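Naming follows writing order (A, B, C and D), and every chain is counted from residue 1.
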Amino acid sequence: MITRRAFSFLSRRSVYAWRNQSNDARQRLDISGIYPPIATPFNEREEVDYQKLDHNLTKYAKFPFRGLVVQGSNGEYPYLCVEERVEVVRRVRQALPKHKLLMAGSGCESTRGTIQMSQRMADAGADCVLVVTPCFYRGRMDSQALINHYTKVADSCSVPVVLYSVPANTGIDLPMDAIIQLSQHPNIIGLKDSGGNISRIGLAVQKTRSQGFQVLAGSADFLMAAYAIGAVGGVCALANVLGLQVCELAQLCVSGRWDEARELQYRLIEPNAAVTRQFGVPALKQAMQWFGFEPGVCRWPLQPLCEADLQTVREKFSSNGWL
Amino acid sequence: MITRRAFSFLSRRSVYAWRNQSNDARQRLDISGIYPPIATPFNEREEVDYQKLDHNLTKYAKFPFRGLVVQGSNGEYPYLCVEERVEVVRRVRQALPKHKLLMAGSGCESTRGTIQMSQRMADAGADCVLVVTPCFYRGRMDSQALINHYTKVADSCSVPVVLYSVPANTGIDLPMDAIIQLSQHPNIIGLKDSGGNISRIGLAVQKTRSQGFQVLAGSADFLMAAYAIGAVGGVCALANVLGLQVCELAQLCVSGRWDEARELQYRLIEPNAAVTRQFGVPALKQAMQWFGFEPGVCRWPLQPLCEADLQTVREKFSSNGWL
Amino acid sequence: MITRRAFSFLSRRSVYAWRNQSNDARQRLDISGIYPPIATPFNEREEVDYQKLDHNLTKYAKFPFRGLVVQGSNGEYPYLCVEERVEVVRRVRQALPKHKLLMAGSGCESTRGTIQMSQRMADAGADCVLVVTPCFYRGRMDSQALINHYTKVADSCSVPVVLYSVPANTGIDLPMDAIIQLSQHPNIIGLKDSGGNISRIGLAVQKTRSQGFQVLAGSADFLMAAYAIGAVGGVCALANVLGLQVCELAQLCVSGRWDEARELQYRLIEPNAAVTRQFGVPALKQAMQWFGFEPGVCRWPLQPLCEADLQTVREKFSSNGWL
Amino acid sequence: MITRRAFSFLSRRSVYAWRNQSNDARQRLDISGIYPPIATPFNEREEVDYQKLDHNLTKYAKFPFRGLVVQGSNGEYPYLCVEERVEVVRRVRQALPKHKLLMAGSGCESTRGTIQMSQRMADAGADCVLVVTPCFYRGRMDSQALINHYTKVADSCSVPVVLYSVPANTGIDLPMDAIIQLSQHPNIIGLKDSGGNISRIGLAVQKTRSQGFQVLAGSADFLMAAYAIGAVGGVCALANVLGLQVCELAQLCVSGRWDEARELQYRLIEPNAAVTRQFGVPALKQAMQWFGFEPGVCRWPLQPLCEADLQTVREKFSSNGWL
């Protein structure tokens, strides 16, 4: 298994252990389990508030998460400058127990930017990097362009790469043929799929499992269905708020207690939609506050919710028995 | 249970048994199970070919279907004139064993047209009607308009109504608040959801099951996930081709054999996509031919597949072990 | 010129005059000018109200329209049964002066349905037919399918065919290569483009003008721009309400008085949006009432506007000086 | 008029001349005319190639452009790091004659990032900044969020701000009510609209001209129509290739020679589509090479065109008489 700790006393070239492994022999980093894509707390001047971050990390440490995703879409990463992105990863690594994985979102629009960011995050302690599809020139981002992009990033990165498809933000659903081909790269170990198309998730599992490729659900509202069809975990915004419950749902799925899982899943759909698709990061941060976290404000142009929307979000939690 | 046979010797008003039932007491028609939305065979002059239809019905009779859907999207119903739509229902009813349900697609763009068509189909022997969302003026089809439409149709129809949401064809996803409100109508008993958004399906089940409302998956590629989250059956184009296999998948889900279900589900995703989303009715009819059915040609403007597309469709069946 | 009157005393085959014309020699029906796509009035029982229709036709007779479009998208044609569609055309023909063109919307989903409807409308007195793109199986409606569809319709129709692209309703923008190829058919004389993409309209003119093909703007809000780039007229819902003003705008464009045209165009954009894209046929019918027409109600599922929306529509007319 | 040269010897606060102007009295920077949104040349190692840039600037100096847009969508700005973005602006300013405007694309996802970038570009010599709509959290980018964003940027920026709406890249069309409200800000002087909806452009002109707000067409294929409806210029990718021709088209429009303009406009539609919507920046750079410019390669993940696509692009230029 490629581990984070190995990197500190090895030169970069030599750590690319995967280069020397045969396809059969290689052991991919096990990324199964639940991750909250943590929010980045800001103070009133919109600066990263590391004290609030530490507060939250302490709370998360009590949950049976597999690890944390730093700078997924809910981390407001497009609002952080390069140095902030790296520094947040460094701080989280310091606070995070060694046995917990740190998956760092290192995607940039350009391939060279992504390569640099990925390595800086690896150097800052990330166990693997989560690389979102570039999207500004979406008309040109066909399968071949994306295959080339990810291959180049994975070739040069000292930690494993996880593909990240989040069409609600990017307007791009990573094509299936690209996923299949990229799953054969020894340093590309999985996919976070936030699109939620369940037959697509099933197809991705079917077509890549022989490679040991791992599929993670990108949201809690289809987590049970994703497990049912072969996913091995989830990166779920809702786990920032209802971390225990999302972990429990995963545990019920893994142990085949589908009837209990279904009942729990029902109660997570509406709260999940409220803090993701419907009202976004401002709702997520508000809900975190209700549950004792310290998310701080959002950076502009993200605006706080109006009173009516806040009530709606609150109602989605309370009517399902969480508040 | 409201049965088709009751209608022949009762005046129309008196058969609306549901009108006199209390909400608690009423027993909804059980629509759980698998249905092929049957293709309408045409001969070379593009006339409905009832001989081919009978051939197919005879073959379907051997499968453990709950019943048949006549004039779902795969039935080319928008290409049939009013008389043809009714006549096809009448013919299917004649051939169909009494214990099999006939669900007839009676949706038209106007409410009055839908009311008339629904009753004509009920009179021709439909056990229930499947009513697609009107869509031409989609900018005006908000929740309230759709609630009004379905309520008026269900109020006047002597057989139960099943809602039908198929955004790929209509551009409209029946809104959740409309589904929830309509589920309380005593004569609206279920939903066929072809959109395939699995958390939406879960939410629909959660919010309507206290009413005895029944949700059917509208396609085979998310059938297992839909069962997992509480759906009770499926209307699956692929069941026109691989009827036994789709029924077996349903049976595995119902009996909680999820690991076997998953393996079978995998093998159905690609063939299903090929005969629906990817290549549509012309591919479905071609595949039916490979499996011994007599689908005939499509009505224009639907065109036969080119040779390359045919090869792709065939490959999706053969690579999954079906051909 | 192919004229309507010729058909009454000639057998159908012999009137297909265009079949015997060389491409160069043929004279296409001149369709330049302004047409209101008239609304179909319904009484309170939602029956076609021919008295109201006559009232409106009498008023329209005073405007310098080139003719009328019967059963464009604003005519609620998807809500009319076959007999009603033909009968409305017949009635309009009776009331319409001989020198005014009657362009009848004859599009159906199937090619055979469109052929039959087109000929019935020609027999009922239509000078040409306006054929909307079939759209239910939009995934299959590629250029070749649409070329085949329109070619077969035009081959068999005794009056000229006008192509009709209205993506807001159909989800399909008739592809440019199809337009170009179809423009070469001797019996396809023009295009009504309601998409409003002005460079597409320009390209259609550039690529088809050598054929004498005529492009009509499908809405009043881009009428001036369409004239500027080479369109020869417009089918404008707003002309149902502000008929004189739309005709005046066209006249200013034709005579090259662009500065005056621009000022008038500005004042039509908001009212036009209100009765089309924003609030649809219910708003159109309400506005017609304000201006002395008798539109009656809409057929369900189209619902009347709520009070707030009505105020918005009214304000769009009053703030631009029309009410 | 606010000029660039004023800033070098004035403290930042004092240069915000617009703050002390009454609305009536203020004179907005005149941005009418044609701008190429210049490409950023890269060498084979994908570094910014300033020699190639100088070569191109020398050629552009001979054309009657109003100025240059640096880091519009065609400048691959999302692929440049912060320092590169500023440095390219500084280099262009050095090479650009004083009387030519430099409009610099300073948009970032966050408001604070955009504020910083805008001021750095102003300090590097930009006469005004072009600020694209933030888009990653598009579900939250409603009118109010965008109004707040632009207001804060314009409040703090020492040079005027031009709004920039480019839905093909961002998935967001800056809402009309936001445009209207923002047009009243003394330091927001115009809009580059690349969406190309011509009635929207007309409405923007109608609603903002009393403020002296200026609308620029964002592409050459609707340039004539935009002028016809009141736009005062254009930022046109095609002007990188056919600079003289685009300027000539503008001149024909300004002088009211619409018939000549129309003929020239026709010949620009297809080449424009080829280097923008259809094949993007790789096609633009290829075409620049055909016409004697030195665009270098694109940064990855943008890929060079395949041979077949190259032929298509070339054909769009040659068939319209440009090659």
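Following the convention adopted for this analysis, a residue touches a chain if its C-beta (ideal position, glycine included) is under 8 Å from a C-beta of that chain, and two chains touch if they have at least 3 such contacts.
Here the structure is a predicted model, which is why all the values come from computation and not from measurement.
The chains that touch subunit A as well as subunit C are B, D.
One copy, subunit A, sits rotated relative to the other, subunit D; on C-alpha atoms the angle is 180 degrees to the nearest 5. When you average the Cα atoms of each chain and compare centres, the chain farthest from subunit D turns out to be B. Chain centres here are Cα means. That of subunit B falls 35 Å from that of subunit C.
Chain centres here are Cα means. That of subunit B falls 51 Å from that of subunit D. Among all residues of subunit A, none touch two or more other chains. Per the touch definition, subunit D reaches subunit A in the complex via residues 46, 73, 78-79, 81-82, 109-113, 134, 136-141, 144-146, 148-149, 152, 168-169, 171, 277, 279-282, 299-303. Across the complex, subunit A meets subunit B through its residues 196-199, 202-203, 205-206, 219, 221-222, 224-225, 228-230, 256, 258, 262, 265-267, 269-270, 272-273.
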